[in-house]
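Each of the next two complexes has subunit A plus one more chain, namely subunit B in the first and subunit C in the second.
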Partner chain A sequence: MGDLRNKTIKIFSQIMEVDETSVTDDSSPDNVAGWDSLTHIELISALEEELSIQISPEDSIDLENFQMLISFIEQKAG
Partner chain B sequence: MKYMEQNYPNLWKVMSHIGNLSPFQKKAIFRLAETSDQRFFEFAESVVQRMLEVVDRQDGFEYIAKTYLWYTKSIRVEEMYFSKKGEYRYKNYDEVYEKVYGRDDYMIDYVVGLGMTQIFWKNHWEIFKFFLDVFIPKVKKYKSGAEIGVGHGLFHSEFLRGCPDMTSRLLDVSPSSLKTTLKMIEATGVNPKRATPVECDIQKDIPIDDDSLDALLMGELIEHIQNGDAVMLNLAKKLKKTGYCYFSTAANSPAEDHILLFKTIDEIRFFIDKCGWKIIDEHIGTLRQMSVEEAETGGHNINYAAVLSTKNEI
Partner chain C sequence: MDFPNLDQLLSKEVYTCDKKEKSELLLNAVKEVSQHHFERCQPYRRFCQKKEFEPATLSLLKDLPYLPASIFKDALLLSIAEEKIFRTISSSATSFGKPSRIVLDKQTSKRQSKCFNKVVLERLGNKRREFIILDTPESIGRNNQITARSSTIRSLLFCAGKTDTCVNEIDGSLVLDEDKIDSLLQNAEEEKTQVVIFGFTYILYSYVVKRLLSTAKKYRLSGGKIIHIGGWKKLESEKVTPEKLMEDCSKVFGVNSDDVIDFYGFTEQSGMIYPTCEAGFRHSPVWGDIIIRDPLTLQPMDIGQKGLMQFITPIQTSYPGHSVLTEDIGYIQGVDTCTCGRKGAFFKVLGRAQHAEVRGCGDIMAEKFA
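Up next is the complex of A and B:
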């Protein structure tokens, strides 16, 4: 799971243009300047491609902070 | 923000509710507020006041905020779908009618949510300004008008307010939409008797005489229709040679009731031309100040609005 988390942080940091070390479970659109509805779509597409998972449109829009995102991905991968 | 709370209290209350409920929308609407001018705030405050009157509920502020978020969420689901599939979810009008227009309760939420995007989405506010600043001055002395697909009624209300001698017909397939528009006209301080509601499906019949209209509004209509060409061709016959039409649509703009997909601005211009219309003036808007080319290549939303005349214009 640690590897999955690291990969997710790497993808997240690239899309949102933030340093990997700044990404925490509390990261959200409130405190990550580049996280808006457009980058959210880019993030979900990149996660699907890089991690070989499927996230439905309905599920994807409820993932509104990093904690929710990583929990969902770990559940999918598990 | 203190200034805003004091001077635009209704807008502030709705924004605060939205901010408490959605981090995405909090960021988007407060960012818009930070970069907006007095004209925006005055208009936005007036839209909230009118919407409160239209919905007429004890929990008006909360309802408007939640309904806006519900509408925005439905658009974001469709955006995700579109980004995966490259096409809109529905291609058939009957499916959309069953899901959206044919459901009275759903339509009320739908038009309230959509109405709030006119102030909370920068691209929709820009289009509204084009309507007010470019279209209305061209028709302000005219007398006979109509709107096809009236939605929340904000455009029609401003149309009647800006054109004091105008009487008009409201054509829509949804009775809820017609009722909401009449309430919106009244909330704007305009006599609603100047507008006659007509419940009809314009894909089957357009109950307006040929060559009878000075002004025609068809904002965000054509993408909802399966056979848009036939409707646009038919509508061109209704406008007088001296008349003007306000037209808007969007490329790469998924919504649960959008059927007709344009991918580029040139596709829209070609569509207008082949249906017997001439572009007099136009507005093109993208998100995040993207170039049109970048938006077309990336499949991102592009808003398009135009003032049209028929090709037989004198």
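Up next is the complex of A and C:
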């Protein structure tokens, strides 16, 4: 699971253009300047591709912070 | 701020509650939100007091005072502290140069997005699709400055997979990239990809459908959907009705006519979107309702009668936009009985009232093309 988290942080930081060390469970559109509707879509697409998972539009709109994102991915991968 | 009645309303499916179930839920949420605006927005409180209206006594939605859409051009109404403003949204400018302006806090912005997304997914299905955008690459690019047009396009991309644009801006004018759209459509046909073609109504017809009709090009986009949004005013001179647009889209793209979807919405109730259903009507979601008013007396009208459309929804808590009388004319066809199966009042929008000077995004867009 640690590996999955690290991969997710890496993808997240590349798309949101933030340092990997600044990503926490509380990271959200409220405190990550680059996290808007467009980068959210880019993030979901990248996660689908890199982690070989499927995220439906309905699921994607509920992923409102990094904690929710990682929990969802771990659940999918598990 | 907590809004338990509103939260309860928003936990319901978009179109499954019948009138009986919805009435009380919606009334309670509207009452709660009206009280909130009454307490926190001084101009709204004064307006209610002049009308001798006390939110706590509201028992019928038709008795809820409405603000004319034009008021949002003259005043920036706030029901939150200024430091809580997260975003200010402006409509496209009118011929008198005054756009409507509304303010959102994070809570309202998030709530509006969720409501919008739920309606879109209900109509398009919970599936990521390839999008062909009838607009410029900049409209979906990473920019610091986001125009109203770009914002409208972006709001739909949450259900998009691969996204392409096929319009370029050259010397200030927009030009359709015919080779690109041809290649994208041919590819979608060969791969049997269920694409979504999305654009402003005027561009879709005048620069894509009309052009393709003239070249006799036809595609077979099985399962594809055409979504358009924006004003019809520019198309009125070309005598293009919604029926003609639908027919021509079916002819050119080879999609079913019920897969040509017209989205209606307005800035003053941002987050509320009314797509046409398979039967050609628009539906009030569980978190909204519509009243038709006589243009002269402003009294509520019966089902089937044409008049000014008043929209009620409690989803915005940062400004008192919960009851807005638009300058659009329409009629209610019925409640809960649409052949598409969705519950709620179902209605048609016929166009702007004759005196209205307001122009929609699509019309502004059209001028760029002219």
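Convention: the second predicted complex is superposed on the first by the 78 of 78 C-alpha atoms of A that agree within 3 Å, B and C clash if a C-alpha of one lies under 4 Å from a C-alpha of the other, contacts with A are read in each partner's own complex, and residues count from 1 in each chain.
Throughout what follows, contacts are C-beta pairs under 8 Å (C-beta built on N, C-alpha and C of every residue); 3 or more make two chains touch, one makes a residue touch a chain.
If you're wondering where the values come from, they're calculated on a predicted model, not measured in any experiment.
In the superposed model, A:37 lies in contact with both subunit B and subunit C.
Measured by the number of subunit A residues touched, the leading partner among subunit B and subunit C is B.
Residue contacts after overlaying the shared chain place A:50 against neither subunit B nor subunit C.
After overlaying the two complexes on the shared chain, residue contacts for A:58 are found with subunit B and with subunit C alike. When the shared chain is aligned, no partner comes close enough to touch A:26: not subunit B, not subunit C.
Contacts of A:74 after superposition: neither subunit B nor subunit C is touched.
Residues 30, 37-38, 40-41, 45, 57-58, 60-61, 64 of subunit A contact both subunit B in one complex and subunit C in the other.
Within the complex formed with subunit B, the residues of subunit A that make contact are 28-30, 35-38, 40-41, 44-45, 57-58, 60-61, 64-65.
Residues of subunit A that touch subunit C in their complex: 30, 37-41, 45, 56-58, 60-61, 64.
The touching residues of subunit B, counted against subunit A in their complex, run 22-24, 26-28, 73, 76-81, 83-84, 287-288, 300.
Contacts from subunit C toward subunit A in the complex involve residues 106, 110, 113-114, 117, 121, 126-128, 140, 142, 154-155, 157-161.
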